[in-house]
Each structure stands twice: as C-alpha cells, then as structure tokens.
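Note that the chains take the letters A, B, C and D in the order they are written out, and that residue 1 is the start of every chain.
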Amino acid sequence: MRLSLEPSLDASDYRFVHRVRPRFAETDAMGIIHHGAYPVYLEEARAALIAAAGHPYTAVRRDGVDFAVLELYVRHRRPLHFDDPVDLHLAVGAVTRTTFQVAYLLTVGGETRATAVTVHGAVDGAGRPARLPGWVAEVDGTG
Amino acid sequence: MRLSLEPSLDASDYRFVHRVRPRFAETDAMGIIHHGAYPVYLEEARAALIAAAGHPYTAVRRDGVDFAVLELYVRHRRPLHFDDPVDLHLAVGAVTRTTFQVAYLLTVGGETRATAVTVHGAVDGAGRPARLPGWVAEVDGTG
Amino acid sequence: MRLSLEPSLDASDYRFVHRVRPRFAETDAMGIIHHGAYPVYLEEARAALIAAAGHPYTAVRRDGVDFAVLELYVRHRRPLHFDDPVDLHLAVGAVTRTTFQVAYLLTVGGETRATAVTVHGAVDGAGRPARLPGWVAEVDGTG
Amino acid sequence: MRLSLEPSLDASDYRFVHRVRPRFAETDAMGIIHHGAYPVYLEEARAALIAAAGHPYTAVRRDGVDFAVLELYVRHRRPLHFDDPVDLHLAVGAVTRTTFQVAYLLTVGGETRATAVTVHGAVDGAGRPARLPGWVAEVDGTG
C-alpha cells in the first residue's frame, strides 16, 4: 500500500476546489448518492485541477502520458444527495519520480461528507510506468 | 430516422435470449432501475448475441470493424428492480450494406417490462462508415 | 409509440440551453463518449430546465410527483469526446393531461452532434399515473 | 480509518468466488476498464455472497437493515479488459457489533489484477447506525 496522505478535515488546508452537482442517475434505492459515483467525482475534480494548472488532460494524453489510478481510498462520513452543491477540496502530495497522490475533502455547505486519497502512476501509451512530467510537482495545491 | 423495426411483445418471435440481473448501483431514488442502465443492458445482450454467433466482439474489433450506435429507442412499460431476472429477447433485422437493427423485448417471469430498438452502422478504425461483415445478415435471430 | 416531436437542427428553435462536460469515465475503448451516457446528460439538462422554471426536482418530488421516462429516442450524428463543451438545447412539447415530451439538440461549438426526444408521464409516489402539474405546460421552452 | 483487513494474494485463502464480465460500457479511452467500475463489481459480488449465505439483499432490506459503505479501498495491480472472466474472491472479517469488512482478490485466469477492502456499517431505514444481524458473523467466507 503506497497510500500515505491523511486528508485534513479543514478546507483551508486545500488550495483547489471544484464543485460537482450529483445527478439523479447517481442516486440509489437508499435515496442517497451511490458510493460508486465518488471515484468519478474525484476524477472530474482532478482533471479540473490539472487543467487549472495549465495542463488539460487531453494535452497530457496527447504528450503520450497517462496517470493510471494505482490506489483509491474513500471514507464516507455522511451521505450526499441529488443536486447537493458538493465542494471537492484537493491537495497534491507525496510526489515521487513516477507517482503522486491526491487528498480530497468533500463538503456541502461547509459540512464534511467524505474524504479520499488517490495514488497515481505515470504510464506511457503502452501502459508501462513512465517518469512523471516535471510540472506535477508544482501542482501541489498546498502552496 | 432509420429506425423501423417494431418489437413484438411475443417472446416466441425472438430466437436469442440473454439474462441480466440489475445491480443495486443501477437503482435510483425512485427505488427502480434507472432508465440510463437500459442501453448498457441492450449492449451486453447484443455482445452476447454476436459472440453466440461465433463472432466475439473483441475479435470483431480486432478485424478493424466497430458497430457504432446510430439510433436508440426504448419504451418503458413497467419498471425493473434490483436483482430481477431480466430476460432480453433479441432479433436482428433491417440489414443493409452498412447498417442493421436489433429489436429487444425485456421480460421478467414472462411479463413485459420494456421494448427497444437500436440501429447500428459498421465503421472502420477511424470511425468512417464501412461495409457490414457478411455474417451479420446470418445473425438474424429469427431464423 | 407516443413519441412524436421532431427535434429541429436549428438551435434558435430552442429556448433553453444547458452545458455538460463529458467525463473521462464516460469515454469508451473507441475513444468516444459511450452512448449510455446520453440519457444521463438529457436528464441533467431536463432537471436544469425545470429548476430554471422555478420547480427544482427535489421540490417536485416532495410534492409527491415524479416524471417517469416512458420513451427515449436518441440519434447519434457525430460522436462526443471527453471534456467537449456540449450544449444541450431543450424544448418542451406535446403536453397532454398526463404526459409531456422534450426535444433535444446537442451541439459542440455550434455543430450538431445528436438529437433526442423523451416522453414523460407524471406518476404519484406509488408509481401510478397522475395528472401533470399545471406549470409543465408553461415550461414550453419555445415561448 | 477502520479499514484493517489485508487481502491475501492467494485465492485459496478465500471461500467464496463470484464471476463478473466487464461490459464494453465500462471501458474507457485508455482501452481498459475504468476504475469507477470496480466498486460496482465489489458490490455485485458482495450481494452474491450474502445471497449465497441465505440472505438475499432484498430480504435484508425488507427487514429494515442496510449495509452502508463506510470505507472503500482498491489497489489496481494490472488492468481489466472488456469481457475478461474476472473472478472476485471474497472473505468477510473484522466483524464488530455494528460493522464488518470484506476483503477481495480479483483474478483473471488465476492472475492477480486487483485487491480491495470495504468496511460496512449496519444502518436502519432512517440511515442511523444499527446492530449487525447475527448471521453476518457466520458469513465469514473463511470457515
């Protein structure tokens, strides 16, 4: 297990925020957002983060690099509901030559709903491990 | 609109059947299976149909052919629920040099739940219209 | 088949527009947005339309009404790709005492990608057909 | 973090196995199964496990109990592809009065693809923590 970041519950510890509105299609018969939707929200927020850093994902992929998901951890504290204004707070950390991690805090109206961590590895077009582009270390989301 | 097949409500008019068990993740806050899951069920059944005809989809794609979805129509008659044993009855029809259609009847315990039709066009690796492989005309599901 | 609207290809024929950015999770191995994502985009746009008309979906459901999807038709003209700025143009029509239809035009940078029609029926909390709330007739999206 | 199980890489350490065939809709533009599909596979296998233990999920829910997902961890070792015969091996562990964990090993043809752990808490119809039904301790998948 490479996963090492511990997501802070304090939104001010994060430097990037992205809002998602859960879709009705993502609700389940318990009346809440199904946990299977969270990895997709995390990915959308991550793509927004690297785009905001000047590296749209389509450009990254055109350069022959992909950021494979190596590990994913989500802790559900309170459920999300349809159309909640969900703020995903992101911070990049634990950057190595080939991997990086992202910590996430999900809040609605300032109230904590979930935390998460993902670990990513750079891979080339054939899916082989590759060196992380230098700019990733700059997208630290924490300063 | 190319779509022309009219799905029969009589299961004996179909020659191929594929069973799907709706997942809990596919339920929604109304307590039923979300309509967004149906195109995925149709596709799974279609892949099973052409695999049963000796043409697994991975082999078809390796041959440089894809069957793009040109049109999709679904009529919901009664809802599906989590874990229902859903029988999808399929029949191929309206085959042209570049396109074909599939009619679907969805039943649970013999009771009609939905009907559907999809229209497909052969495309090459670059997404350009291509000639339909000859074997498609044989997968008629009706005789 | 109740479906009767014929979606115009002229965006100026629609009065409501909603933008969606396809997610990477919605791409498929053909490199395009999977057709299974379209019903979800349509629903998101529809929820935005009725919210803009002063009737957020959560309020509608609290009133004990749901708009079940009776029929869905999508015609794919050109594919969508990850992160495309997709404009969904909507128009309500064919309103009866218990049903209404929505026509959709999907464009990217003014270029047509798909058209669609959905037919909806009002149902009560138990899923039985119900009378359409009066305000639906006003949400005509066309004037 | 409650998550404490460490999934074995030896399939013989698990007592229950459930097979899933990844759908084409679950592929992404990298040509592999999107990581967002894994939580759904885990849930399908979990439902199969408790059904095999004589407690179909619909019956469990009818009894007013739900097993909320509190935590989810997935480690991706090698990708899955469309239509792979994926064997999910499951073992229940770390059972407390209100929570239990499930460890997962995903293999294709005996080759490890991923491991995962989920942590679940019993909740009543209103989403409040509840006592775990006694039978959960018996579904240990390891004895």
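By our rule, contacts are C-beta pairs under 8 Å (C-beta built on N, C-alpha and C of every residue); 3 or more make two chains touch, one makes a residue touch a chain.
Just so we're clear, the structure is a prediction, and the values are computed from it rather than from any experiment.
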Taking CA centroids for every chain, report which one is farthest away from chain A.
B
Pair with more cross-chain C-beta pairs in contact, given B-C and A-B
B-C
Centre to centre, by mean C-alpha position, how many angstrom separate chain B and chain C?
23
Please compute the C-alpha centroid of chain A, do the same for chain C, then give the distance between them in whole Å.
29
Whole-Å distance, C-alpha centre of chain A to that of chain B, is 35
Where chain A touches two or more other chains at once, by residue number:
24-25, 29, 32, 36, 39-40, 43, 82
Chain A contact footprint on chain C (complex, rising order):
23-25, 39-40, 43-44, 47, 56-58, 82-83
Contacts from chain D onto chain C in the complex sit at residues 24-25, 27-29, 31-32, 34, 36, 82
Residue numbers on chain B that touch chain C, as the complex places them
1, 3, 29-30, 32, 35-36, 38-40, 43, 61, 66, 68-76, 79, 127
